[in-house]
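The first chain written gets the first letter, and so on, giving A, B, C, D and E; residue counts start at 1 in each chain.
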Amino acid sequence: MDVRTQFALIILFLPLASCVLQIFFGRRLGPRGVWISVAAEFVTLVLAFSMLATVVLGTPMQHYPEVEWFSLGTFTLTLGFQLDNLAVAMLMVVAIISSLVHLYSVEYMRGDVRYTRYFGYLGLFTFSMNGIVLAHSLVMMFIFWELVGLSSYLLIGHWFEKDSAASAGRKAFLTNRVGDIGMFIGIMLFWAAAGTFTFHGLFEAVDVEGANLFAGQTTLLTVAGIMVFMGAVGKSAQFPLHIWLPDAMEGPTPVSCLIHAATMVAAGVYMMVRMFPILTPDALLVVGAVGAITAVLGALIAITQFDIKRVLAYSTVSQLGYMIMAVGMGAQQAAFFHLATHAMFKGLLFLCSGSVIHAMHHALHEKGDHNTDPQDMRNMGGLRKKMPITYITMLIGALAISGVPLFSGFLSKDAILAGTLAFASEHHQWWAVLFPIAGFGAAAVTAFYMFRLIFMTFHGKPSDEKAYEHMAETPAVMTMPLVILAVLCLPLFFTLPGLNPFQAEGWFTNVIPQAENLTGFTELGAEHLEHGFHEAHGMAVPISMSVAGLGIALSIIFYLLGWLNPKTWAERLWRIGLYQLSFYKFYFDEIYDALIYRPFLWLTDKVAWIDWDLWDQRFIDGWGRNTVRAGNASGWLDYHWLDQIVIDGFGRITNGLGAIGRRLQTGRVQNYLMWALAGAIIVFLVAASI
Amino acid sequence: MSNIQSLTYFLPELILTSSAMVIILTDVFFRGRNRNRLIWLLSLVALGIAAIFLLLQTTPPDAIFYGALAVDPYSRFFKWIFLLATVVIYVVSPYSRELDNNPRHEYYLFMLLVVFGLFLMASALDLIIVYLSIEIVSIGSFVLAGFLKQERLSNESSLKYVIYGALSSGVMLYGLSLLFGIAGSTNVFDIQAALSGVPDKAHLTLAVALLLVLTGFGYKIAMVPFHFWTPDVYQGAPTTITAYLSVAPKAAGFALALRILGITFGSSPDMNLGEWLPVEGLPFGTLIAIFSAATMTVGNIIAIQQSSVKRLLAYSSIAHAGYMLMAAAILNAQAVSAIMFYLAVYLFMNLGAFLVAIFIHNRYGYDEIEEWKGLGFQAPAVAVAMGIFLFSLTGLPPTAGFVGKVYLFSVLIEAQQFWWLAVLGVLNSVVSLYYYMRILKAMFLDSEPTGERISGHPALSGTILLLMIPVLLFGVYWSPLMNLVRSSLEFFSPGM
Amino acid sequence: MDAYFLTLLVFLPVLGGGIILLVPRERADLIKWIAAGFTGLQVLLAFWLFAAFDRSSDVIQFAVKAAWIPAFNINYHVGVDGLSMPMVFLTALLSFVSIIASWNITKAPRGYFSLFLLLDAGMMGVFVALDFFLFYVFWEVMLLPMYFLIGMWGGPQRQYAAIKFFIYTLFGSVLILLSMLAFYFYTEPHTFSLIALIQEAPKINVQLWGMNIKWLIWVALFIGFAIKVPIFPFHTWLPLAHVEAPTAVSVILAGVLLKMGTYGLLRISYPLLPDETIGFATFLAVLAVINIIWGAANAIAQTDLKRMVAYSSISHMGMVLLGMAAVVSSSRSGAQAGMNGAVLQMFNHGTITAMLFLLVGVIYDRAHHRYIIYPKDYEDEALRGKPGFGGLATNLPVYSGFVALAFFAGLGLPALSAFISEAMCFIGGFTAFRTLTIIGTVGILLNATYFLRAFQRMFLGQPSEKWAGLTDMSIREIGFMAPLAVIVIFLGVFPRPALDIMSATMDRLIDLVTLVSQVAVQ
Amino acid sequence: MGNVVFIGVAVLVVVSAFFVVTARNLVYSAVALMGTLFGVAGLYVFLYADFMAAVQIVIYVGGILVLIIFGVMLTNKIATPVLIQTSMPNRALAAVVVFLIFLGLTTLLFRTPWHEGATVAPEGTVATIGQALLTKYLIHFEVAGVLLLLALLGAAYLSRRENG
Amino acid sequence: MDSLQSYLFLSIILFCFGLYGVMTRRNGVAILMGIELILNSANLNLVAFNRFGGLSELLPGHVFALFVIIMAASEAAVALAIIINLYKTFHTVNVDEAHEMRG
């Protein structure tokens, strides 16, 4: 077996082994046993790193091992790996965040009732996530896609005693399923057209050079692409399925970091990057539009949130929107770049917030306060003195996400914005301009709310002095990952050997070349695109720098210097209805609840009522009550007719006829004679008339 | 064949009549305490001897007494059914508590004479014999139904029976007289010969005569709309007699009707693969099909409403007549053999069900389904047997009733006619399940298991269990019975 | 040995039932052990059969043919192929599991276990019979014990449920009977052999009401089988029967009996009436989708856990039908995916739903109720609309683990057995009926909805003090659950053993349906 | 002359039959029945059935009618008129049904070409019947005997008062 | 007048009166009288057919009628016995009052 395959297998199954170990033997191993899981993660990190190293050192990874899973003659399913540069880079991202989160969790989750099981679930997640990354076919990806959904469900619901946590888990799973159905349909469409599930099979089928299976079927391909994209919409929390992600913050913060910021939610982007070569321009446009809407939407909502994790969650939604938009703009390289940088800085931000929450929690606990919400930023303030490491690392993260130069976020975001500008310049329709506007607008808002978060948390006066006294920096096991991630937020790590902080060129872009995956579907040639980006890059840098500056400046004016009072402004905005929109998340939950969820539950109730009560009640309670009910249910006459008249009715008619028959049986023999004679005459006439 | 020669072929019947004389004499001269027992024994012996003579009768089909009676395998088959039914009733009668207040010896005597009538019905070839044999069976049945003189229900039952019976036979007689008028003879073969020459204009009269005759036959087999007497009479009569009436005279009615109508209105006198001849203005097969549909439907749907077991079984017996008529709508060898097979099976299952009713009646004195509660735990063996009889009556495998029903349905399907009737038969089978299950439900489901056990006389429970054997056996291996039926499908015809 | 193997498999339980009847009824333990012994032996035989089965062959194996009623050309003809083999295995396994799960039966154990064994024999017989008459006899034989098992040992409405079940299924089976007779009489030579009829039945050319009677036969057979499946709108017997039946009987009902309907369609309607099958395929697919959605929508609204599980069966069987309808797919691989997926789903649903019902039984044994939410008309007014349980995951970790496994298997999570079979059904269906299948995929979401809602309401949240005293699963309970769990996981990861067995036969079946009809068209 | 007598007898039969089924008093009915039976006997004479006429009078009038009158006596007090008719609607319905039957049968009667053979010579029928009864109809005769026996025993059993 | 039709017509009238009587009379004995009318009508048929049908040899119609009369006697005896029994238990001879069993 090829060593690369072996490495991939180990990366895939080592976390699963740790999962099985923790689930079944966790209790026996005790809390110390979780170090085994941590160690396993670091082993995968080393392996991933070694694979990445070979790639970076010049050997492109192009290894597609596969085995037959089962075959039914012509219908065959294979399992295998798509080991290419993209996968290796993604593996590395997953391994870094995952191992750091493992490490971080050792302290963060200490004393939890289901301590070991938590690590088991983390292992399950890492396994599934690696599976998505390595999957060589849509089916295999779908399998792991669902499995990450499961682990996400389990981890969000880790504290399932809390109803909100349990509900959030369910919401996440179900919302994801909506997208998954689309993805499944998309898979079937691809399969029906191309007869294969594997990526390279599909690429070949679509490739203009080869036999073009989709010749003349671009509509089909568009639809299939959009359908598969629905999976990404669900998983990457894109509009309109973004609602689950903020709720998912009910899970432990390291989980939010790992799953709901850095890796799993990025899986959608990863998949879109993977699928990029077979997406048609029409499909890409839809993708881009969804991404743009999400980017703006998430950013706007984040402004008004007070829960520290929710701000980050909406920020994640927004950033994912960026990435998806980038894919839609054809800037898939930028999308993936942003994915990687975002994983680092958003992971960092989450871990920092976790650190803050941990400290708050600890402090409130010491104080004996169990009512105050440790995640509400209004209860914080001035923490920078108590938690310097956290403060500094979080500040770095905030700078990175805001797109301030000298941090990784600047480079990737800039690439995306350049992509939108290039798109706008290539497409001359009026709406093409909306993409860069959305991009830059969201960038400004991002800078604003991120610094709002920093200022509210770390600056100003502490809101609760007593608790403040109990605050302290978190232990080294937790701060160490912060530092590591903060370091990884420096652009240097992505641009080596190039050292220019304004230039994104470097090993990373070499690993994921923009042109490599292009097929004939993009109207613009690869080089043309490349050129467009270069052109746009020059324009994007100053604009993005200025919008970031604008956002930060506004934030400083509001929250640090207090020149403008946020509360007054909030009230003003409230009066014109804008504040609520943001604060209540554009009422998405309410709208879904009112338009989909409740009607649907009502419908199922009715369906069940028709299916059962209508029939049963009628049977038991007799006619009178049900006539009323039947009247109420006139809308359901169809089924009413079916079950009532045809099935139950057969019985009732039989009974009714029987009753008539009984009445004929009067007990008076002469009546019998009369009936008999009359009956004979009738039968005779009937028979004679036939 | 002349009268003297005929006697040798008439031995089983002679045994029956002469033993009746012996019994009367015994009755007169023997006044001991064991009179009932003695006469019971004598009757059984008489039946046994008759059976032996019947067994020895292996001659080819022939007609005796100047063509008045047929001696052929067909009639013999039915005679076996009558004997079997009678013996079963004889065996259990001493243990039926209902009869305790009345002299059983006369009961045995009447039954013996009724058997004689049944024998004649199975072999009648002459309209006068047809009429007389039906009357013998009827009058015997009237008396037997009213056997419990002190009981109001028994009286009411026999009153209704006699009035209904008398009118039916009167109407039938009128029909027979018209038939006689058209054909000019009382012998069925002569009639058949004459009918082929009947002018077209007389056809409608023929049809009406046929209908009038059918009134009489229909009354005997409880065919709707001539069934009205059935539930009331069955309910009021002693249960042993009800059981008997539901099996033997019904079988005799079928035997008689198939033979007489088959010869006179069928296409071939030996009834081999024949069909109903069209009588102008009256498609005979359709007529029977309509009667069949009405019979099974009415029987089943009214049965659903019953709370008395005897009455329920009465309606169910009406429905079963309907099933059998289904095959009679197609008059061919398949159909006749299917009916014969079904009658044989019906004998076991229906008698079995009634015997269980007697079993319960002995214990509780009444026959509401309610009172069967818990029988499944108090007398498990009998209850299981009842379950098997009921499943068989419903027509579920692996019981004989299933096979019987399959044969009946297969007649229609093979002939590719009367599909609607087959479908109706299906629906009826389903409906019938409902009320049979009510009994089963009462026995097994309506009460908790108890330790209390009830038991009947071993002869009674033994007979019940014995009847279960053929019901199950013929359900999985019915070749012997079918072979018997097939070999009995041989009719006397003058052309032979 | 080989020759009498299947006969042994079928009649072993009958023997066991007979022996049980001879045991004095006070010896309840002995009765249970005998029952367990015989079914256990049956499982071993089934394993042996599984091992000895030639996977590459598409012909009937272990066939035995003996004249039964020569006059009617009825034979005792049994055998297994790739279609019946999984069902035989499932029957043996679930029977054994059910017997173990019935250990706490105290009411009339002798009757219970002997009827159960009779039921076992009937089911086994249906799956191995190759003579239509024999098939029908077994089909009906199974009704009687089922009626009593529901009616005597069931819940409060058991009698109503039993009679409803019985009447529904009898109605269906009488239609099957008519079809059977039609097959017999309209083929020359008259035969009941399902093998011979594959050749003969398509030649039937009898006109009735202006059409070839084969269409009517197909419809009659379909109604008969549809009631068993059950296919909307013939499904209303199912929730009642499943809910009222004792746990072990629900397991058998949902695990094995429902499969008989689809098995019947595949064994009889498909090969014998290929043209009609193709003609009705769209109709079948429409019903399949209705089943999927209707069953799931109903399940969402249920407050009784067992009813929810019962309705989930309707939904899952809909997927089987969708896969079956894919036989007409123009794409060969689509047809293969659909048909194999359907049979695999039959097996998988059997094991999963068995787990679900067993788990419902476990909680019911302890808490004596199984409401997810107390119904609006619950006798205790204070409890109406309140959750029936809550936070069980804290008290009963093992139980919750099994429930989670079963629920996730039920909602089609990958790596658990149902995923691959459902996916295959959909993929197959998609190649033939695009729009319908897309509508049907909504069922995936709905299935997840009710399972997760139920799981949250019962197992998550604050543990309720009322149920703090419940004990976790006993060794016996884990014992009968574990094999099923192992199968569910194993087939989820490695479905190949199951698919290998059936794929050759399915290929042949697809050929029979599609090729024969092409000939007819030409 | 013959016709006149025939018409007279026919009228007697019809009128008395009418009274049999409509008379309000049972005893009148019984008397009317006697008229009918005599009338039918008269018709037998017209049909050259002398033996049958005799039998009609002896058995029917002498036996059955007496039996019926006994029945009337045993169950009624002659002096009090008893309501023996059923209700009016019932009678009307019965009348309709019967009228339909009457119409149908009459129509058939005149439509049908009845088989008409040579008229039987008006010699005595007694000897022929006697001969027939002992040869061709012997078995019928015997069966009738059994029937009578059964009826006798049955009637005796039913009307007997059991002692104990 | 002396034709087959006239006898048959008389017979039909008797038959119909008989039917009417059976269906409308409450008294058991009166019903019995109705039945006798029906039997007589059939007998009239038989004898008439015998005469006009030219069936001279063995007079089957006469013989048939004879047996019918015998049967009528038997039936009347049994019926009367039953009616008297009814009178004993129900204290009435009105048959419509005996309707305990119905339905």
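In this section, contacts are C-beta pairs under 8 Å (C-beta built on N, C-alpha and C of every residue); 3 or more make two chains touch, one makes a residue touch a chain.
Here the structure is a predicted model, which means the values were calculated and not measured.
Asker: Among the other chains, which touch subunit B and subunit E together?
Answerer: A, D
Asker: What's the fewest number of moves from subunit A to subunit C, given that each move must go to a chain touching the current one?
Answerer: Counted as steps through touching chains, the separation is 1.
Asker: Among all chains, which one's averaged Cα position is nearest the averaged Cα position of every protein chain shown?
Answerer: Chain nearest the overall C-alpha centroid, as shown: C.
Asker: Ranking chain pairs by how many C-beta pairs touch, which one is first?
Answerer: D-E
Asker: Just curious, how far off is subunit E from subunit C if you go by their C-alpha centres, in Å?
Answerer: 65
Asker: Roughly how many whole angstrom separate the Cα centroids of subunit A and subunit B?
Answerer: Between these chains, centre-to-centre, one finds 78 Å.
Asker: Would you mind pulling out the distance in Å between where the CA atoms of subunit D average out and where those of subunit E do?
Answerer: 6
Asker: Once you find the CA centre of subunit A and the CA centre of subunit E, what distance in Å lies between them?
Answerer: About 95 Å, centre to centre.
Asker: By residue number and range, which residues of subunit D touch two or more other chains?
Answerer: Within subunit D, residues 86, 90, 94, 97, 101, 105, 114-115, 117, 136-137, 140, 144, 147, 150-151, 154, 158 contact more than one other chain.
Asker: Of all residues in subunit E, which are in touch with two or more distinct other chains?
Answerer: Subunit E, residues with two or more chain partners: 8, 15, 18-19, 22-24, 26, 28, 31-32, 43, 48, 53-55, 60, 63, 67, 71, 74-75, 78, 82-83, 85, 95-96, 98-103.
Asker: Mind pulling the subunit B residues that touch 2 or more other chains?
Answerer: Expected reply: 128, 132, 135, 139, 142-143, 146, 149, 158-160, 163, 167, 181, 184, 208, 231-232, 305, 434.
Asker: Name the touching chain pairs, please: which are they?
Answerer: Result for touching pairs of chains: A-B, A-C, A-D, A-E, B-C, B-D, B-E, D-E.
Asker: What part of subunit E is in contact with subunit B in the complex they form?
Answerer: 8, 15, 18-19, 22, 28, 31-32, 35, 38-39, 41-43, 45-46, 48-49, 53-55, 60-61, 63-64, 67-68, 71, 74-75, 78-79, 82-83, 85-86, 88-90, 95, 98-103
Asker: Give every residue of subunit B touching subunit C within the complex, in rising order.
Answerer: Residues 377, 391, 394, 396-398, 402, 406, 409-410, 413-414, 416, 419, 422-423, 426-427, 429-430, 433-434, 437, 440-441, 444-446, 448-449, 476-479, 482-483.
Asker: Can you list the residues on subunit E that touch subunit A in the complex?
Answerer: On the subunit E side, the touching residues are 19, 22-24, 26, 31, 95-96, 98-103.
Asker: Considering the complex alone, what residue numbers of subunit E touch subunit D?
Answerer: By the definition above, subunit E touches subunit D via 1-2, 4-10, 12-21, 23-30, 32-34, 36-37, 40, 43-44, 47-48, 50-60, 62-63, 65-67, 69-78, 80-85, 87, 93-94, 96.
Asker: Where on subunit D is subunit B touching in the complex?
Answerer: 104-105, 108, 111-115, 117, 135-140, 143-144, 146-147, 149-151, 153-154, 157-158, 162
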